[in-house]
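Note that the chains take the letters A, B and C in the order they are written out, and that residue 1 is the start of every chain.
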Amino acid sequence: MTTQVAPAAAPGPLGDPGAAAGRRSLTNLRRARDLAGVVPFTSYVLLGLVLPMGAILIGAFRKPVSGSFTLHNLHIASHGIYLHGFATSMELSLIASVVPGILGFLIAYAIFTARRGSVLRRVAITASGVFANFGGVPLAFLFIATLGNTGLATQWLTDIGFNPYNSGFDLYGLGGVALVYMYFQIPIMVLVILPAFEGLRPAWREAAQNMGARSWQYWRYVGVPVLAPSVLGATLLLFGSAFSAYATAEALTSGTIPLTSIQIGSFLNGNVLAGQQDVGFALGLGMVVIIAVVMLVYVCLQRRAARWLR
Amino acid sequence: MTANVTKAAGPPQAPGGARHEAGVRVVISQLTRTFGSLRALDGLSLEMAPGEFVALLGPSGCGKTTALRILAGFETADSGSVTVNGADVSPVPAARRDMGMVFQSYSLFPNMSALDNVGFGLRMRRLPTAERRQRAAELLDMVGLTGHARHYPHQLSGGQQQRVALARALAIEPKVLLLDEPLSALDAKVRLQLREQIRSVQQRLGTTTLFVTHDQEEALSMADRVGVMKDGKLEQIAVPDQLYARPATAFVAEFVGTMNRIPGELSGTGQVRALDTLVPVHGERPADGTGTVDVLVRPEGLKIDAVPGGNGIVTDRAFLGSVSRISVRLSGDVTVKVDHPSAAAGQFAPGESVQISLPGAAPVLVTQRR
Amino acid sequence: MAAVTDAGPASPPARVASAPAARRRRSLPVWRWIILLGAGIYFLIPLYAALRFSGFGTFGQVFSQTGFSDALILSVKLALVTTVLTLVLMVPTTIYVHLRLPRIRPLLESITILPIVIPPVVLILGVLDVSPPSLKGTPYLLALVYVILAMPFAYRSLDAGLRSLDLKTLVDASNSLGAGWPVTLWRVILPNLRTAVLSATVLTVALVLGEFTMASLDQYQTFPVWIVNFDQTSGPVSVAASLFALFVTWIFLLAITMMGGRTARRIGGGQVDLVSVAHQETGDSR
């Protein structure tokens, strides 16, 4: 497909400016033709992504009804219950990313040190893949059946004398939601971090040994530094995932905890005060900004990890 | 093929007066190691004199890397012993053996600069920072990479990485230097440069060295002695020219350099008849009792004359420089390659009739006919 | 890596092992089992609890509930439309970019990260704001938006599949033998992309079948939405429906993964892997 024959340039020495200009415009033409191939994709992305995002941007600064520019929406979105919503969402996302991060790391390490091809290893990896895909509404119901007021595990625990609800646990509260989130966050962490472990070349460990390093020294000088960007990156990914989540929280709490995603949802459901119809857009803008920052850091870390673990 | 005629007939003494202590004597005795059903090592014995550069040469699976790893402490032998200056090293863990190893590829710690990589072993030995940095810089200088001290492995080419790896292994002033096919992953030109560099550094420091490779040219051009391995055992260990001129077994003969196979008949008197000549047999005779064998002769060991009605027809002529290699088909569908000075090779054009003969009475190796 | 003669990395401790090394290796397994067993328990309990809660009998009831078939059919229809649209959009584009505009690839990759950055909740907010009423009146608006959600994962599968081929060489070879574009695409490129396309399909279908956020806010009763709305009347049935949904999704995933594995072993071209399937979950159905 590279057989495009350019029409002969005007005869003359290679330094002929006219011919050079002709060649240049020909290249531009060819480049334009090539770019034409991605037009369908770009227009779809424009319509489906950029347009709605633009609407959100505009809506965030729009006074309802009159349509004039205002900062009022942003003001409301950053105070009161909405500020509370952001804070709670971040708190939830922090718990639901750091804890699964650590646990997922340990599990991944356990899988990694298992012998290649062993049953344990294969089962663990397949299970991770399967459980990483559980989530949303069905998962919420599963946990209600387990740890709800009349859930199975609640009953077991009460039988042995310890009713979690008496100690302040509430499945429909922050801790409960975080616990449910962990069900899919942990497997995601395992699956994301396992390739990083595999990227730890055995030669590094042997070279370190050869140089006189003991096991903890290897981890301290080589293992942990090399894995750190991946681990941090994965945790950030989990943070973003928890922050954006809507379905699980909605199915569990039906809006009883102030979470930004749920609050945005309520705008779409029409639960909105007069004069505040466009605050939802401001909230959405806020969410996007936060996640964009998180993802930016993630991408930088990934790049660093990729360089080292090649 | 570069037969290094300037090398002495036996292992050299360590060069005296080096600022490091003279090299150590390593004795490997009857090593065996089995992995499941695979017998990787089958009674390997080898002695390395202080400061000697020994290459272990052999095809994949011959056990050479296993031997190296046992020496380094990454594997343990099922039986047999390894001693360094008389002391048994098997109870010593790899981290304490004081042997510097250069791996095949990608062994540099990716999160450290070249300088830090080289200094890592010194850090483990608790050298103070300033001294460590200085020593590492010296070694980087020795391998010609001073300007790259702050670069990270991913910023270095394959050849540069291996040079850093070499510097790192030498920084700790190891008793033994171990190299596990360090040049295999590099391209040809870089390989040649690095060969010389490794050899000159080793000679300067006088470190006893074990070099594992499957590339015979590498082994023969670098080592003081070369050990050819097959199926977990040493077939022969000798200085390069001995290995080439006087291979002990058919395997060594065919693995090192090119060999022709010419059908022959054993005669009862310790001789074999091939190409209408009777020549003495060197080494073992195949025990199948038939008397039909293949005679192994090097291309430069055959004589070629342009004779109409001779015993062969020229099929190809390849120009190799001062010598041309002429392929000749003999009766019985046997093809041999004969080397002849290029200046006089013009007469041997494809299609010409020639006479191939075995000159002189040099003993030849025989092997089972294929 | 090196060590062609060794049977593998960490070989089991030999009898003549040096004491400290052997001791270290033997103590690990216990700790490893504890962690994995603990994890196993945590993950299996909710499944067991759900089964106990709903009872096996209710599974039959699920199918007879009002709205079940309608919701399921709607979800399936949406999945179909989304998959077709996604493939029609992404397959030619990725092939084209790999062939003609390789330098745009990083840009393309960044674009495909965008839908991950924009939460579905926010996206649907914007979409509903700009869509004309005619689109809002049909559930297929969701399909159009789902294509955007599926884009990153479809792109990644296809990109990985294309990277494992030497596309330019294949195309040049095909052309030099006299094949025109359509034939090359159909007989040379697509068959080698079978696994990647399969992977992209699996991801897209799983995504649509599980998507709750946008469907509920757009007020269409797809299957996940039905499950939640249904909660009001009967707990056990809802839980049974949830189990059914989970079960169906991952049996489907496993089946296609195995199919993809077998095909991959025949022609090569990578494997449908659950990691990329897992990655989809960091956005949408939650």
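Everything below uses one rule, namely that a contact is a pair of C-beta atoms (placed from the backbone, for glycine too) under 8 Å apart; a residue touches a chain by one contact, two chains touch by 3 or more.
All figures in this text were calculated on a predicted structure; none of them were measured in a lab.
S.K.: What pair of chains has the most C-beta pairs in contact?
M.R.: A-C
S.K.: Could you tell me which chain lies farthest from chain C when each chain's centre is the average position of its Cα atoms?
M.R.: Chain B.
S.K.: Let me have the rounded angstrom distance from the C-alpha centre of chain A over to the C-alpha centre of chain B, please.
M.R.: The mean C-alpha positions of chain A and chain B differ by 53 Å.
S.K.: Please report how many Å separate the Cα centroid of chain A from that of chain C, as a whole number.
M.R.: 15
S.K.: Touching at least two other chains at once: which residues of chain A meet that condition?
M.R.: Counting only residues that touch two or more other chains, chain A contributes 201, 203.
S.K.: Using the touch rule from the top of the page, what residues of chain C touch 2 or more other chains?
M.R.: Touching at least two other chains: 1-2.
S.K.: Counting only residues that touch at least 2 other chains, which ones in chain B make the list?
M.R.: In chain B, the residues touching two or more other chains are 73, 93, 103-106.
S.K.: Given the complex with chain A, which residues does chain C contribute to the contact?
M.R.: So the residues of chain C in touch with chain A come to 1-2, 8-10, 24, 28, 31-33, 35-36, 39-40, 43, 45-50, 52-54, 89-90, 92-93, 96-97, 99-101, 104, 111, 113-130, 144-145, 147-148, 151, 171-172, 175, 181, 206, 210, 212-213, 216-217, 224, 227-228, 231, 235, 238-239, 242-243, 245-246, 249-250, 253-254, 273-275, 277-279, 281-283, 285-286.
S.K.: Of all residues in chain A, which touch chain B in the complex?
M.R.: For this pair, the touching residues of chain A are 201, 203-204, 206-214, 217, 221-222, 225-226, 307-310.
S.K.: Which residues of chain A touch chain C once you look at their complex with the stated criterion?
M.R.: 1-3, 34-35, 37-38, 40-41, 44-45, 48-49, 51-56, 59, 103, 106-107, 110-111, 113-116, 120, 124-139, 141-146, 151-153, 183-184, 186-188, 191-192, 195, 201-203, 215, 237-238, 240-241, 243-248, 250-251, 261, 264-265, 267-269, 280-281, 284, 287-288, 291-292, 295, 299
S.K.: What does chain B use to touch chain A in their complex?
M.R.: 72-74, 93-96, 98-101, 103-112, 120-121, 123-125, 152, 154, 165, 168-169, 172
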